[in-house]
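Across the two complexes that follow, subunit A remains constant while its partner is subunit B and subsequently subunit C.
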Partner chain A sequence: MRMAIQGIGVVGGFGCGLSALTQALAGKKVSPVYLPVRTHSGEVKLPVLQAQTDLLENFISKRALRRVDHFSRLALLGAYLALQDAEKKESKERIGIIIATGYGPSRTTFGFLDSMLDTDITLASPTLFSNSVHNIAATNIAIRLGITGPAITICQFDTSFQSALITARTWLEQKIVDAVLLGGVDEYCEMLGYCYHRFCSANKQDDCTVIDTGCTDIPLGEGSAFFYLTPEWNNAKYGYITKCYMSTCNTKKKTLFYSIDKSRNFMLNVPGVEKSFFELYGIMPIHFAFDIIIALILLNRQVVLNEHDNEYKKSLMLANQGYCVELQV
Partner chain B sequence: MVYRPARITGMGCICAPGINLSQCLRAIFENTAPEPSLPQRFAKQYVRNYPVFEVPSSFFEQNSWAGQHKFSLTARFVLAAVHEALDDAGYSVKELSSMRVGVCIGTTTGAALNFLSFYHAVKKGKNPSLTPIKRYLKSNPSLVIKEMLTLHGPCQTVVNACSSGTDAIGIGLSWLQADLCDLVIVGGADELTPIAYNGFISLMITDSERVKPFDKYRAGLNLGEGAAIMILEPFNGSQNRHGKTRGYVLGYGTANDAYHYTAPHPDGTGLKKAIYNALCSCDKKADDIAFINAHGTGTQDNDRVESFVLRDIFPETPFLSTKGYTGHALGAAGAIEAVLTVACLESGKVPGCAGFNNPDPDLKISPLKTVTGVSGHIAMSQSLAFGGSNSALILGGRGL
Partner chain C sequence: MAIKQKLKKILVEELNLEDVVPEEIDDSAPLFGPDGLGLDSLDAVEIVVLVQKHFGVEIKNLEEGRKALQSISTLADFIESRSS
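Moving on to the complex of A and B:
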């Protein structure tokens, strides 16, 4: 069954919303901030594409947001934008929430550790603890939006989003829900920056897999990418996810883009374009969600991705980490 | 939509009562399961006056996975339980390579950034070894199973707080229904950590004595740990190579309260909907349920809401909580309880609700106190979670 993409909400270092990402893709400069990371040998500064969530106040009052953590704010903003974009008609009882994340609410997690380590342990913060659970973003979305369908969170580094797509399709196919609000969310925190710095600078031969793209000059990133999905019989605003499946192909950490007709020969090594758009949103585990949105922008705007195949395409296959996703507009 | 039943062809379980399923059942039914005690593995500065149910030390002496220190303890628990379940089902690892095998595992601490000592050292300006980070990156529960067994099917680590294990089993059922796999390895795993331990204490929902589910004097939960695994195969699959069936996963339902971060909805709206969805998903009625393995954490809020819902939907159905034997194993809890439920259907009896002694007049309903025979072949296991998730599994015995 194809999944119809009815709404998109996206937030990242490039800005907020589909237009901001489209502008970044068209060449608008995206600049990182340099954030301090304390190490045993002094402070270093890491480039980070930080995402701002100020626009969330267009949807929720400042007062209601005062105890909402940054991770949840990223998710809430992505979710609100996707729902607004979709002009949804489904009952809130029949909407499912699926959140994919590489590491969960890392700032709050380490904030809770601070509360354990910096004071008497009897003063560890209950608020930080209850906000450090991985499903906190799904919880906030359910509560703020009144969505009472199923809600799950998936956490498995840089395959979280790909795996989440499979469950989204299953829910729609089996009529467990009428629509799925599917989002990928990751936040930057100093400890992740510290680990990245240690892995990359201390020993280039070491396992450089903390953020899973190798050690480059590309900034670390954070943000959220949301999709409002319905079954195929609805007209799709942006296009369809026609297939998502596991493959034994040895796909890389960067996303591979294949034109769909040639993808039939995928296993015969017909070349695709190994493309990274990390410079637009930064290095983060749920990058594949951003790549899907970028592929939809390219397809809808008739931008030719593959210089060897300069023909306008209506479909693309994206492959990453053993997962394949086919898109059609 | 009505699910086709999934056959449970193998099970494995590690938790406080034992390091395999038969040991767990013997301890539970012979009333030799250990009482909770203060954590033995934590650094002393993190231990407070609240007991837990730890996996027995014999696991570290007898199980070959226990010594694989490159993996987290959660990963070692889950790998041990997976191998027990595969042995039970009669599958070799080699045999799986020719099949479409999915993996869906629930966890909480198993996917959390539990770098307490590492983080402490960094805060103090030291340059600690990256070993804990590497271990974390190798130990995601579903990924480590996929990697160690060289599997190529769908793979998912569900982090839905305390309903994770139940949800993972339900998702596995839906994958079989969608014909995404020939076989799916489902379950949950979690280890006790000083972070979760002190976190729950900070919420003031832990009991300084043994947990007392549904009891008038209940005072909170005891944390537990472990892993439980089911091997699920299609009801009429062509790949049922060994012909063994221990029971069935018949139905699954889940719904969110959309109410509060940590407390269930006082009217149990999400739980009722989850139960309703689970029953509908296998075309069963409340009267079909022989017994219920409740979430029964022993906290005031959980037991009040759960009692209210059970009284409303299942006024005559026997129920218990097994957390008086296992503790609350968080992301593993739903899987441990589902495996114990199927094992009870298989043996035709359920244990008493350990820790329960005094009926609470406010709850107007009481769990089983002693070992009781089961009349019927269908049971329900349910979980409630932080974040308002409610999930229920309908499970069948092999006599179904």
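Moving on to the complex of A and C:
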């Protein structure tokens, strides 16, 4: 079954909303900030494309947000923008929420663990604990938006979003829900920066090949990318996800950390054309969600993607980590 | 720093009260409910942890908590009485 894309909400280092991402695609400069990371050999600074969530105050009061951590704020803002964009008609009991995340709310997870190590298990913060639970973003979205359909969070590193897409299609096919609010969310935290730095250093100094990090100069990233999906019989605002499956289309060896191999990230259905857009949103496990939005922007704007091919494309195939997704407009 | 000032600063920072500054908090205003600072039961648990962490004073049970967690003044008095 095809899934109709009715709304999009996106937040990242490029800014907030589809227009900000479109501007970045058109060449508007996206600049990282350099954040300190403490390492065994002193402090280093890593480039990070940070996402701001100030605009969330347009939807929720500051007071109501005080217990909502950065991870959930990213998710909430993406979800609000997608729903606003979709002008949804489905009842809130019939909407499902699916969140995909590589590492979950890592700031609060490590913050909570640190609070136990720094003091004592009895002095751990209950608020930090509640925010460290991986389903917290889906919970916050359900509570704030009053959505009472099923909610799930899928956390399987680089393939989280791909797997979430297949789950969304299953829910719609089986008529468990009438619409799915599907979002990919990842946040940056110092611990992830530290890990990235260590793995990269190991690769450079010790020729370590146990974990293929594919280290590059591309900044680390964070953000959220949300879709409001309905079954195919609805007219789609942006296009359709026509295929979504696991396959052997990716023949290169799997990575266990960030997947930043340019050649695999964004594969078009035009032989010989491969593109990557990591520079716009940064390295993060759920990058595939951003790639799908970028592909939709390109398809809807009828951008000629292949200089050797003058035909406008009506469909694109994206392949990553053994998953294939086909989009149509 | 006096206990009351320190308490106000801790509450604003740790409970993430972005719409309040420590100087604005009335010493005798209720911590909970709509007439005061507007905190709730989850904040109460957080305050118990914060008081132990920052002042080394344990609020051991519901009865102690009920008396201590009325306002900044009652909480400061409780901390002072247990610190000495």
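Operating definition for what follows: the second predicted complex is superposed on the first by the 298 of 329 C-alpha atoms of A that agree within 3 Å, B and C clash if a C-alpha of one lies under 4 Å from a C-alpha of the other, contacts with A are read in each partner's own complex, and residues count from 1 in each chain.
Methods note: contacts are C-beta pairs under 8 Å (C-beta built on N, C-alpha and C of every residue); 3 or more make two chains touch, one makes a residue touch a chain.
In this text, all values refer to a predicted model and were calculated from it rather than measured experimentally.
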Subunit A: partner with more touched residues, subunit B or subunit C: B
Contacts of A:62 with subunit B and subunit C, given as first, second, both or neither: second
Which of subunit B and subunit C A:125 touches, first, second, both or neither: both
First (subunit B), second (subunit C), both or neither touched by A:29: neither
Subunit C-contacting residues of subunit A that also contact subunit B: 122, 124-126
Complex contact set, residues of subunit A against subunit B: 38-41, 93, 97, 103-104, 106, 109-110, 112-114, 116-117, 121-122, 124-126, 129-136, 138-139, 142-143, 145-157, 159, 163-164, 166-167, 169-171, 173-176, 191, 194-195, 198-199, 202, 206-207, 209-210, 246, 248, 322
Residues on subunit B engaged by subunit A in the complex (per definition of touch): 1, 45-46, 48, 108, 111-113, 115-116, 119-120, 122-123, 125-127, 130, 133-134, 137, 140, 142-143, 152-161, 167, 171, 174-175, 177-178, 180, 194-195, 198-204, 254-262, 269-270, 273, 277, 385-389
For the subunit C and subunit A complex, residues of the former touching the latter: 14-19, 38, 42, 45-46, 49, 52-53
Interface residues, subunit A side, partner subunit C - complex: 62-63, 65-67, 119, 122-127
